[in-house]
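One chain, chain A, appears in both complexes that follow, with chain B as partner in the first and chain C in the second.
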Partner chain A sequence: MTALLEAKGLEIHFGGVVAASDVNLQIHEGKNLAIIGPNGAGKTTFLNICTGYLKPSAGQVFFNGKGITRKSPREITRLGVARAFQIPQLFGEHTALENLLIAAAARERRWAPFTRLGQIPERAEMMHLLEMVNCVHVADRPVEELPEGQRKLIDIAVALALKPKLLFMDEPTSGVASSEKFAVLDIVAKALTESKVTSVFVEHDMGIVERFADEVAVWNRGEVLHRGMPDDILSHADVVRDVIGEEI
Partner chain B sequence: MTFMSLVPRLAIPLLLIAVALLPFLAPWSKVMLTLALAKGLAVLGIVVLLHAGQVSFGHALFFAVAAYSAAFLGQAFGGGELVSMVLIGVASAVVVGLLVGLFVVRYRYIFFGMLNLAFSMIVFSVLEKFYHYTGGSDGLQVARPLVLGIEMERPAFESLLFYGGLVIAVIVAWAVHRYFDSPIGHMLKTIKTNETRLEYLGVSARRVLLVGYLVSAALCGLGGVLMAVAQGIVTPEYAWWIRSGELVFIAILGGAGSVSGAFVGALVYEVVRTYASAFAGDVWQMILGFFLLGIILYAPRGLIGVYGSFMGRIGSNTASGKEAKRRAMEAAE
Partner chain C sequence: MNLQLIALAVFDGVAYAALVFMVAVGLTLIFGVLRILNVAHGSFYAIGAYVVASVGGAIFAAGWSPWLAFPLMLIAAAVVGIVLGGLIERLLLRRIYDKEEALQILVTFAVFMILEDVQRLVWGVQPYFEATALQSLGNIQVFGVYYTVYQLILLPLVALAVLAGLRLFLRHTLSGRLILAVTEDREAATAIGIDTDKIYLMTFMLGAALAAFGGALASATTSVLPGIGADMIVLSFAVAATAGLGQIEGAALAALLIGLGRSFAVYLMPELEVLIPYLIMLLVLLWRPEGLFGVTQTRKI
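Right after this comes the complex of A and B.
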């Protein structure tokens, strides 16, 4: 199996904190990879390096065999890597639909000054995307008025609007009420399958990991400790002790 | 559809007609209105940047660059020709806008504002000190130019400037309105709300802001040329920071971010300034100052916002009150 994204020997320190120490990881096409680990283990740092927000002090990242280590978030996005954030990064004054339309216009490079945003050809496609994430009924509401759960979904939809090959999601269910977590991720998982996107998501809820991940990578102190199938990993003694605690 | 719900839609055409007819009733108002139009065009340039959440305290720079280009052209060709003066004035504002813009779009907020101020003060000093080329603080005369080869008498020329300026202002306002509603115009707005996401959509925020910056430089340039030919003289004061501040003042007075507010603000400002300086002598700036204070404290959406809520209140007796208010706001923007 060829790797869609491959990290080799990533190193980064913030003062005395080791956020990445010889991180090697391959991300395979068509799989949902969950990244788990205690707080401060370097999970978000890994996402930040892969999407160009941080430059590692050593090591390299390849996407489709192409080096992307020194590229900016903008260039990496253009190659087909999208990102959804732990805190939704949306255009607050714009409506949910407009947020998606802006993403579609960016994807298709619609720079003509006299086309109206609301009338670009991707409008129907974006409405469909809103449907996929169950947000059609709030299409015309400014996103700053919407509850966090919906904002999370729209944030993911904005990323999907770019038609990425790979999607990074940083805690897609944080800020979502625990009673709704599964429902939200069901929606996301369905949208991912329909869009045929490979995904990597950071998650703290083991129930979610068990249900949605095809593979799990365990992080601690800037290192990838284990990697494998969810069942094997979640019952692994070290993982139970370091990550899951006494839950199991 | 009730009469009241029609008013907001008709407001702008009615105002336009009123402004267009005013010189017939009061011929002296023509020059004042032309100056208001010139400032309105420049203020529209400020409004474009306000959409990105950025305030420039140096945009008089482009006003002056275009005005002086027109003046140089006029002096070089024995009076010059109006259309070429407008085109070359705007073009030079855009070229200078590109040079300054490539640098300042890397900065935001106070740094953006102050860097613009710095550039404008450099140009101000150059205009003051290079006496042999710029006439120093006396400035340069701008003789009445030909219009497409035709020589015009003063009253006819003033009418042409005013009505020509009015037509251009309407076209430009429409174009800016469309630009704001285009994908790249909406992206300009996202520089204010979430630049991080914009970059993560694969879009260069700097490039989006640069496009807005060039549009705003062009608009200020257009205003500058119109002002230069209407006044018949250009002075370094065109580039002075007070002029830049005045443009920002009018933008906020009219309604920050509103296209029609730029012109309504400029019109009110010019009228208040003309009368206040005639009747209140030395204290007119203070009157304007209190006026701005009132706007910021009680009507942060400016005159256009005041108008919008006024229409909403009148209409609230009817079923379509809310609708009228919404439409008034939409029409205003």
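Right after this comes the complex of A and C.
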């Protein structure tokens, strides 16, 4: 099995804080990988390095065998690595559909000073994406008016609009009411499968990890401590103490 | 103050507001998108005015139709915006987007100083006056006052057309929506792969062209001489700040407020003429520090 994304020997520190210390990780196509670990373990730093927002002091990242370590976030996005942030990065004053149309226009590099946004050819495709995340009924509402759960879904639809092969999600359920978390992630998981997108997500809620991850990687102090199947990892003594213990 | 004087003050104010608006709206557009306070904006105004006054003077002296003044203004504005604006954005501003604001202002101020000297080199220090466009439209009598059609009707109409056109462009077209998206959240725009470099370049060229267009229109109403760029940039800062930086519709209203304030001062308290725009700005900012239409920004992490 070849790796879709491979990180080799990543190093980075901020002052005295080691955020990545010899991080090696392979991400395989078609598997949803959960990243867990205590706060400050370097989880988000890893996402930032893989998506071009941070440059490691040493080490490399390969996507589909191609080095992307020194590329800009935009170049990496264009290669097929998308990202959903902890706080949805949506254009609040624009409607849900417009957010998707803007993403589609960016993907197709459209620049048309005399064309209406709603008339671009990708409109049907974007409506289909909204359907996939159960948000067709709010297509024409400004996203700033929508509840956090729907904003998360639209944020993921925006990421999927770029037709990525790999999607990084930073706490896809943070800010969503706990009663809705499973429902939201069920929709996300279905949309990811349907679009054949591999995902890597940082998550604090072990219930979510258990239900949605195919594999789990445990982070601590900038290192990958363990990696394996959810059942094995979540019952591992160190993990229970360092990660799950801290959550209680 | 009799009716005729009031009418005169209103006409002066409106005509002046239309010109200031063109410059201020470009300034505020550039600030809204690029987050750079462009001091060199006044130079685009001055150079637009110089180009039209000198080229216009030459072609009318050669016997060309006076109506060519109007297409000449549009062409001059586009050329100044695209060539000069494009060069400045590409070669200079692009390097300083991530730098601190003080440095950004210093750089654009340096560009302004350089361009001031370039104007003296190219056009000298003697005033240019080329009122063919103004004269070709004739006069009109309103409320017993004779006023030029150019200033009373054309300038306000052009300003309104620019306002409506910008609104339509930004709110409804694909390119406009991309600009708004970058304005709202540069990081999110980058995250979805919008080419922010291109958006910045286009916006800067558009803003510069608007200022040059303002200068082109103004050249028919006033002498073009060294220092007009400085006067205009200070005034359009006042307008943009009063409106709230980044506010396009607000800039129109603030320009009107300040234009009228200034023209009434000319008739009532001439010694306060220079002071009035800043007095208005001060009062507005004391009452609403974010400007008339400004919104306090909540920054995303």
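Side notes on the structure shown:
To be clear about the criterion, the second predicted complex is superposed on the first by the 245 of 248 C-alpha atoms of A that agree within 3 Å, B and C clash if a C-alpha of one lies under 4 Å from a C-alpha of the other, contacts with A are read in each partner's own complex, and residues count from 1 in each chain.
One rule holds for everything that comes next: a residue touches a chain if its C-beta (ideal position, glycine included) is under 8 Å from a C-beta of that chain, and two chains touch if they have at least 3 such contacts.
What you see is a predicted model; the values in this text were computed from it and never measured.
Annotation: superposed three-chain arrangement on chain A; chain B versus chain C shows a clash. When the shared chain is aligned, no partner comes close enough to touch A:177: not chain B, not chain C.
Of the two partner chains, both chain B and chain C are touched by A:162. Once chain A of one complex is fitted onto chain A of the other, the partner contacts of A:87 are limited to chain C, with no touch recorded for chain B. Looking at the shared chain after the overlay, A:111 reaches both chain B and chain C. Once the two complexes are laid over each other on the shared chain, residue contacts for A:229 go to neither chain B nor chain C. In the superposition on chain A, contact is made by A:98 with both chain B and chain C. Residues 73-74, 77-78, 83, 89-94, 98, 101-103, 105-107, 110-117, 120, 158-159, 162 of chain A contact both chain B in one complex and chain C in the other. On chain B, the positions that touch chain A within their shared complex are 175, 178-179, 181-187, 189-190, 192-194, 196-204.
In the complex of the two chains, the chain A residues touching chain B come out as 51, 72-75, 77-78, 82-83, 89-94, 98, 101-103, 105-107, 110-118, 120, 158-159, 162. Taken in their complex, chain C has these residues touching chain A: 169, 172-178, 180-181, 184-185, 187-196, 198, 202, 300-301. Those residues of chain A that touch chain C in the complex are listed here as 73-74, 77-78, 83, 85-87, 89-94, 98, 101-103, 105-107, 109-117, 120, 158-159, 161-162.
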